[in-house]
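Consider the two complexes below, in which subunit A is the common component and subunit B and subunit C are the respective partners.
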Partner chain A sequence: MINNALAVAGIVIKELYRRKDFYVLFVLTALITLLLGCVNFFNDDRIARYLKEICLLLIWISSLIIAVTTTARQIPAERENRTIFPLLAKPLTRGHLVFGKFLGCWFASGLSLVVFYFFFCVVSGAREHQWPLLIYLQALWLHWILLALVVAMVLLGSIMFAAPSSNSTICFIFIVGILLVGRHLHRIAIQLQEPIRTIVSVIYFAIPHLEFYDIREMIVHNLPPISMLACLIATVYAIGYTAFFLIATWLVFRRKSLTA
Partner chain B sequence: MPKLFLAFLFVLCFSVAALRENTPSISVATPRQPDVNTGAGLLSSLMGDSRRMFANHFFSKADAYFHSGYYPTIFDRSASPERSHLQGGGGEQPEGEDHNHSEHDEKAGFLGEPLDCLESFGRNFFPSQHSHLETGNERELLPWLKLSAELDPQKIETYTIASFWLRTRLGKTNEAEQFLREGLHANPNSYEILFELGRICEENHKDTACAHNLYALALQKWTDEKNRGGSPDEFVCQQITAFAARLEERAGNFPAAIGYLEKLKEISPAKDLIGKQILDLRAKIDGPGIPLKK
Partner chain C sequence: MPDLVKIEKLRVEYRSRESQNGFKVAVDGLDLTVGSGEVFGFLGPNGAGKTTTMNVLLGFVSPSSGSASLFGVDVREPIARQRIGYLPELTYYYKFLSAEELLRFYGKIFRIPKGELEKRIDSILKLVELEHARKRLIKTYSKGMQQRAGIAQALINNPDLLILDEPTSGLDPIGRMKVREIIQRLKEEGKTVFFSSHELGEVETVCDRVAILYQGKLQVEGRVDDLVKNYKTNLEQIFLKVIGYQSSQAV
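Moving on to the complex of A and B:
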């Protein structure tokens, strides 16, 4: 199973570096960051946090775009081009295909993340003359784990929704919504009347809390690394949701007609 | 039919654009704004009043940076202090007093007790401990203040606060003065900026004549605004008169100092203390000189 999945994943990774998405987003991120780095604020060249914040924001936007758009088109493109039929010839099963696509998109996103974070590390170090590598590694790891969850979620969406564009849009709204208000939902819920209160509370406990994986504020303000136990728990939490989405994808895909 | 509709939309867009081009008076410039050739004028033309919203956002961002990211979101806003903590820096408080930790701890515990295990766990991943920028790291506020001033040149506190940090913590007196002068250019009637410029002249350049003139002008602008029916900040007036009186007293010009103190007494809550200072100064004028050394 692993060999089959890795073979499919290899194709997805090759697709990432053949397409221009990553290059365009990386060049844009680098260009905007470097241009902002050239701005002179009160003749003080040691101001760095604004640059770190903007660079990290661009990295987050770029990584989400890469992960969501790459994943959203995988299975629909195979169906549209009818390449899914030779792909699903024995010994590759639908489960292998789903897992392979997941691994490919996740590894591809991870590769792009490494490049982005290396650039961030260089820019930040050049400006601040310090290298808090542990928290950078934690940020990279948590970001990558988050992308696993996102990729699994989008993969499920690509089976359920009609077109990659609608899937991408809905997933972006869902992801940004969780990142912005996810952690506040329970506090909002207690101010509401029943039955809305219960509904919002259920949503709060049911959604994957993507904000756990966003430690940009800690990096920007040079705060100490987060505890390894918290990292571990967050990883297990993400693995649980990823597994849930992958199994749901497999279950839906198993019954899905490939010709429709 | 769709092509006709597209053509209609194109003509409509072109017409609106042409109409907009011939109507320069659409600009949202306020009477105190500089001409539209400046960067601020261009921004105001492009962004309209939304630039003020962004300016406020960036101003809050500077405040959030001052607290190392420990800052309420709109969902926590009801429990947070209404006044920006940065504003403490723009006033006359001595160093250290503007960020009293015990006061902050009472006010800024906006997170409260976690409601559930998810919220409790989530606090590992964002700044949930209160701290302030110090030892020169206050410089990190400056880009956001600069950006805020670019977007809303009429937001006077941006200039005074940036000036406070620049001259008191970062030793950048010239940059502070330059920034205040930009603010004065955009707000020629601002008594707050004139007062800050006066403080730079007095405390940094040791130019008492310049400081005296700036304090006098600031007081005049404050009075003008009051006479126009506005509601100028009385605390700033107290600061202006107190600083001007101290300057005159140091220069040995006791009658002028008494004049400022009389003005201060009218608006200050500490009338007794100021009355005593006035009596002391009158004693210095009337009585025999007290020998400094026996």
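Moving on to the complex of A and C:
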């Protein structure tokens, strides 16, 4: 299982670094980060903070775009190019394929995160002359764990929706929606009439709360690191949802006809 | 001789909007066995159901009824595929890989040890004459070269049973002869080859047995020499007769 999944993951990563569009995002973000870092606004706290906010926002947007678009493409491309046939004719099951694609996309997004955060760390460190590495590492970790959940979710979508573009769009709306309003849903629920109130509350408890993983504010305001326990709980929570999405993907994919 | 491939009363239906009853029968009550060490030619006009039958053998399509097994193992079990090599009819391999990387990837899935794998890749690429292009990305290959990469991929695990869907399509005369030689060599090594083809002359020279499928039904099955003796003509004429083709001159 692990052997096959890693072989598939290796192919995903190989494809990514041989594709040009991946570099575009990468270079773009690095460039903007550097540019922002070079502008001379010394001794102005507000501008330094503003700068960090923009950089982090860029990192979040780019990482989500990379994770969602690459994942959404994987299985549909295998089917469209018919590469899935010689692959599944080997002693490799559909479960191995799903897990391998997940690992590949997750590692690839992790790799890009490391580069993004490295840039961020250098740029902000150079301006503020302080290196709060622990909270950066926490941010990186939480961000990466969140991407596991995102990748697994998009993988499920890629089997349920026909076109990768519609899957990407739906997933983006879902993710951004949760990030923006997820934490307020229960407060909204209280103000609503009864049937809808219960529905909104159920949604609040059912959706994966991606916003837990977003500690940008704390970095911007130079707050101390969060507790390791909170990190651990967040990790377990994300693993739970990731496993749920992966198993669901496998169950749907197992029954799917490959020739339709 | 034990049966490596065994197909019993196989029926495959596809959902279809065109036909009135909502489905189309692609394979209808097919019984077929391929013995160990045989080269078996699977013939039939376009749309006869050859690819569909092979898709069942590989577990891509589930039968509506009937059953199929490889090495005595039901085709639904992934183990059934450990000792086979498969060449699909139309495939684009991962375009962003080179032939060498493609073979390495598939070799990993079969858990072939590294040193052994490199040796095997060298010899297979030599066999299909892709040595000069082994480091080039597959997207730069011509159609025939892609077909050769496909054949190479089917041989990577040194399989006992090869299932080849039109192995010579897209190849030049030399390439075809080469494939014929490869099949002959595999036979000498005691391997079993089950392949579909439209090249009847070629089938006649390499196959021990053939089956002719028409509209999903098995029309004729037997040893090539027996068929030629019984019908007193070559395979091509037998084929045309079986599918009920009247040449315009005859009419």
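Everything that follows uses one rule, which is that the second predicted complex is superposed on the first by the 246 of 260 C-alpha atoms of A that agree within 3 Å, B and C clash if a C-alpha of one lies under 4 Å from a C-alpha of the other, contacts with A are read in each partner's own complex, and residues count from 1 in each chain.
Everything below uses one rule, namely that contacts are C-beta pairs under 8 Å (C-beta built on N, C-alpha and C of every residue); 3 or more make two chains touch, one makes a residue touch a chain.
Note that the structure is predicted; figures quoted are calculated from it, not measured.
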Superposed partners subunit B and subunit C on subunit A - clash or fit: fit
Touching partner for A:I233 - first (subunit B), second (subunit C), both, neither: first
Touching partner for A:K90 - first (subunit B), second (subunit C), both, neither: second
Partner, of subunit C and subunit B, that touches more residues belonging to subunit A: B
Which superposed partner A:Y213 touches (first subunit B, second subunit C, both, neither): first
First, second, both or neither for A:I11, with subunit B first and subunit C second: second
Superposition-derived angle with apex at the Cα centre of subunit A and sides reaching subunit B and subunit C, degrees in steps of 10: 150
Touched partner set for A:G125, first subunit B, second subunit C, both or neither: neither
Nearest Cα pair across subunit B and subunit C, whole Å: 29
Touch list for subunit A against partner subunit C, complex: 3-4, 7, 10-11, 14-15, 18-19, 81-83, 85-93, 257-260
Complex contacts: residues of subunit A adjacent to subunit B: 39, 41-44, 46-50, 142, 181, 183-184, 186-188, 190, 204-205, 209, 211-215, 217-218, 220-221, 223, 226-227, 230, 233-234
Subunit B to subunit A touching residues, read off their complex: 65, 68-69, 73, 75-76, 115-116, 118-119, 121-122, 124-127, 139-140, 142-144, 146, 162, 166, 170, 172, 175, 179
In the complex, subunit C residues that touch subunit A: 14-15, 55, 58-61, 78-79, 81-82, 84, 86-88, 90-97, 101, 105-106, 108-111, 150, 153-154, 157, 163
